[in-house]
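Below you'll find the structures, each written out as structure tokens.
The following pair of complexes shares a single chain, chain A, combined with chain B in the former and chain C in the latter.
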Partner chain A sequence: MSFIIPPDFSDDEVVPEFHAGATSRTWYHYVLIAASLVFAAVSVGFVGTILWNSLPEWSHHPGTLLAGSGWQAPLGPFGGLAMIVGTLETSAIALGVAVIIGLGTSISIVFLVPRRLRNVIATLVDLLAAVPSIVYGLWGFLVLAPWMLQTVDPFLNRLPFARVIFGNPSQEFGTSLLLAAVVLSVMILPTFVAISREVISVVPQDLIEASLSLGATRWQVIREVVLPTAKIGLFGATFLALARATGETVAVALVAGGVANTQFHLLYPGTTIASWIATQFGEAQGNAVSALMALGVLLMIVNFSLSLMSRWLVVRQRKVLAVV
Partner chain B sequence: MDQEFKTHVETKVAASTTPLVRGASAMQLKNVSVAFHGRTAVRDCTFDITKNRVTSLIGPSGSGKTTLLRALNRLHDLTPGAKVAGQIMLEGTDIYRGDITVTELRTRVGMVFQRPNPFPTMSIYDNAVSGLRFNGVKKKAILDEAAESSLKSAALWDSVHNRLKVAASNLSGGEQQRLCIARALALDPEVLLMDEPTSALDPIATLKIEDLMMTLKQRVTVVIVTHNMQQAARISDDCAFLLMGEDRAGELIEFDTTEKIFNNPIDPRTLDYTLGRFG
Partner chain C sequence: MSDITELDTPAEVGHQMREEIRQISVRVRARRQLRSRIMVTLCAVALAITAVPLVLLMYQLFRRGLPVVLHAGFFTQLPQTPSLIAPNATGGVSNAILGSLVLTVYAAIMAIPVGVLAGVYLAESDSKLAAVLRVVAQTMAGAPSILMGLFAFAFVVRALHVGFSAIAGSFALAVLMLPVIVISSEIAVRGVPSTLREAGLALGAKPHMVSLKIVLPAAVTGIVTGIILAISRAIGETAPVLLVIGGGYINSWKPLNPVSALPLLIFEDAKSEWPSLRTEVWGIALVLVAFVFVLSLSARIWASRKQQAR
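Right, the complex of A and B next:
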């Protein structure tokens, strides 16, 4: 605006003083700039080299990578179908289980459980979220797998039509896609509960009291006011949990069986992108390296989008709440 | 408090109490106390809320106005450690009696809050009929009619009738608050509790809500908590003055017609407060 007159720094006495004050700070100014440049270079270099190394496979056999079966190291072909579908299957099942159980847990933590017990459960959830994934894998392999083998698998097989989905349990260790999904669901449950609890608990007390004052029952308050208000944030929590499930490596490598089979029966051993990379890279040479890198790129893109999506949802949730 | 002074006031109250000619009571409070975790927040309030009048609760912060108001539709039920003693009668029935259905009570005693709080995920229409839907009304014809009549009662219909499906968050603060009033009115309550309903609004929106209250009292009894003494004087017929006692519990100092509270109160503290000498 024309009314705003810029401050006049032309005065000879003032300007040098200003500069003197500024020079005493320059050294950390440069250190900070340098640090951020290094960070940018590392990021670009990291993504760049991965993309570069994956390029041979992507450019020559994109179809095989996405939809081919069979992984013939070291020369190829390198089919990614088993890993991709395995990832989808395990993540989807794990997410379904985690969302259903997790939503119930979050709602009870916030609304139903007495305050003291609430803190105990919340702490427990945070602790579970901090357990290293190798421990989950160990538990899955040593405790859950034998139990699945003896109890769950035979039961599933007695169900009509179960063989179509689950296949024949034939493994002596009990490792299977289903086991991987179960372990994954246990692993992502704390993540989902921690975030969804947060999202649910910031729904303004105002709205809850308003709905109660209109004669709503507690269940109606939860179903028709709290959950719709928290909906966007809950989707954010779901995407974050999904990102954790698709990217999970070590635990899945232990319990999924590590076989690139394309039958996809849940009780057969299978593999996922992340765990396949973990188990194969040691012996990989030549084209196999490129193929593994290509799978890595795929996983990176998926997780990157999931995390972007969940951030966007969190921002939108804040906007919804800001209106209230 | 000085014992002699207290007795003096009490005799003065007793002497001056000429029985008022009043209509029937909508609600009666008898020795109502509210405590949180054993700590008394409001003590021993006794007064009548008369039908089709606006009753204001005034007093400085911490005198327990809002606490008392929230006891009237049992909103304290959800606060852990909250306890309400004494009797609160709605049409002769103690609302804290064991066999009272809380959800039904709250449809008869509605509430409007300090901040406008329409449900952010619902449209204007859905907000207006949300109370009816909570109570199982599903027929579209009934809902449509209730939406129109309640929005008309809240003086909002003219400005929103052609955008009923728009999100309630698009309305201005004053409109949002009138939507909240409409939402409460849609259930056709006997009593409408208002907890500082204009404190988050600008002067023009405030005046609109005040006008609305004056018309509303023909069909619903209004109880309003307000910090604003001019507002209490402007819109209320009866007035209860509360003050924080020495143990930090709110006490009812005086209850009378607003005219008397503001012009000729019995207790000197009431006069001091309405003249703005403290609080």
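Right, the complex of A and C next:
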């Protein structure tokens, strides 16, 4: 049972607690309902407050915010193009790396690692998923950035067509969108592995043994049986990792460079929606606060839809396996 | 296969064909085995690739952080700003440690009662409200933490005119912890065997007494585990507190004063031009990671002990 995506209880039989009719209308019942209403109010307030504070910007310049470039701090215009594309770019690269490597890792943990080690590794992965993101950011900024500047960036620039993809490596710190993508992929790997490992490990042993008995090799079992069976849940894990990547704030704020440029070359410093809010909020006043709230609304929409989708997929996966 | 037709007896034809099929299947099997070996090796390589950066990160954290932490006064002194005369004067981080504790304690006081009770409600009710709140809790649990900061800024700092303060940061952290506690409490209460509950009801206890005196005590391990996990997540979060706590440079526990926090200090000092400050952040990071690991490991071990005892 995963904590990150808990089981779906909606079809479970109801515990008899509140089915005793009038007798259950006690103070205890009302206390529970009151707590739930407080939680509901906080959630509604959360969404409502951010929406309300972003309204001035949405009503005046919705187009600038979605597609404009340039962020003129005190008065505007506030263009969100650099942040939106930066978010897409870094998350896409990070997700690609994390899914390919994470899938291999999960398969190794479930099928290659001896049973005794498996629990140890699973615990380690969960612990790494709990490491605060600022620590990853610190490591990226103080260790990876100098290394990128000295070793990786010059090497990448010697590749053909490098100028088109990467641009000129001209920064003094080594912070860039590429570095942000690298740090992001390291950060979301534990999350992706934690869920995909769970999804893969609950593929029924019967299916695997049946396939082995027909003479399939290890890889054939994995490719023809395990991965198709776990497909839906793996998509769920992917969406959740993507939600993490898009919402990541302080680590990216440290390593992306924090410049709202619209060059989008990977070796240039750039920014993402979440990290832009974090770095700009300190000096923001008036319209700028509203514009940052509007960016927050964008982030919220993206994140909530990804979370809902991943929840739906993982729950569906569990149902499929329950039938098998 | 043309030569098969020239052979005489059907037995020989059969033999010939079997031989050919055998050879083909040997070849196919060799190819399949090779392919399987390659792919399985690639998977193992992926495991290694995952491990390398994480091991490196932990190694550097300890190598660079440990000397800083062992340095005298790291835990007890207030920070000092390095200057040209004393470039190595960094002092300690006592204000940030106290700030982190204060923020987390206030947040826990706000989030735990509401979260646990709402979780119990979700587990014991089949109303529409419960079904909706379950999805809401799921979605809120994954929301980017910077949004909690925006919420706390707009609501506590601005609308309530509280200003940059510890309580605003705690509010942001409480919003962060709340859905986690709700979800884990629901799971814990649902995990209590229904036989326990039925036994209580059969003895004539009122449903709410059964819930209070039988189900909650049985579920307490899971509930506490969830609370510890929520706290360990909150203590390391930078983004929500970054926008609202103001960053104080004195030791203060009062809710209305601005405070500092460990992750915030890392965020601010990592970009400092003073090498001494950039060294010191490794110590802060080590303390933070140690906090988080101890919390989540103890929660884990405790939960598994209790499970075995049952």
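Operating definition for what follows: the second predicted complex is superposed on the first by the 297 of 324 C-alpha atoms of A that agree within 3 Å, B and C clash if a C-alpha of one lies under 4 Å from a C-alpha of the other, contacts with A are read in each partner's own complex, and residues count from 1 in each chain.
Note that a residue touches a chain if its C-beta (ideal position, glycine included) is under 8 Å from a C-beta of that chain, and two chains touch if they have at least 3 such contacts.
Keep in mind that what you see is a predicted model, and the values were worked out from it rather than measured.
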item	value
Partners on chain A (chain B, chain C) - clash or fit	fit
Which superposed partner A:Leu254 touches (first chain B, second chain C, both, neither)	second
Which superposed partner A:Leu299 touches (first chain B, second chain C, both, neither)	second
First (chain B), second (chain C), both or neither touched by A:Ile188	neither
Chain B versus chain C as contact partner of A:Thr229, first or second or both or neither	first
Chain B versus chain C as contact partner of A:Arg115, first or second or both or neither	first
Which superposed partner A:Thr217 touches (first chain B, second chain C, both, neither)	both
Contacts of A:Ser36 with chain B and chain C, given as first, second, both or neither	second
Contacts of A:Glu209 with chain B and chain C, given as first, second, both or neither	first
Which of chain B and chain C A:Thr105 touches, first, second, both or neither	second
Residue contacts on chain A - larger count, chain B or chain C	C
Shortest CA-CA distance between chain B and chain C [superposed frame, angstrom]	7
Overlap of chain C and chain B interfaces on chain A (superposed complexes)	217, 220
For the chain C and chain A complex, residues of the former touching the latter	32-33, 35-36, 39-40, 42-47, 49-50, 53-54, 56-57, 60-61, 113-118, 120-127, 129-140, 142-151, 153-155, 159, 175, 178-179, 182-184, 186-187, 190, 194, 197-198, 201, 206-208, 210-212, 226, 229, 232-233, 235-239, 242-243, 263, 266-267, 270-271, 278, 281-282, 285, 288-289, 292-293, 296-297, 300
For the chain B and chain A complex, residues of the former touching the latter	73, 75, 78, 80, 103-104, 106-107, 110-111, 113, 115, 117, 119-122, 130-131, 133-135, 169, 180, 183-184, 187
Contacting residues of chain A [partner chain B, same complex]	114-115, 204, 206-207, 209-217, 220, 224-225, 228-229, 231, 320-321, 323-324
List of chain A residues in touch with chain C within their complex	1, 3, 5-7, 9-10, 12, 14-18, 20, 23-24, 26-29, 31-36, 38-40, 42-43, 45-46, 49-50, 52-53, 100-105, 107-109, 111-113, 123, 126-128, 130-139, 141-143, 186, 189-190, 193, 217-220, 222-223, 240, 243-244, 246-250, 253-254, 274, 277-278, 281-282, 292-293, 296, 299-300, 303-304, 307-308, 311
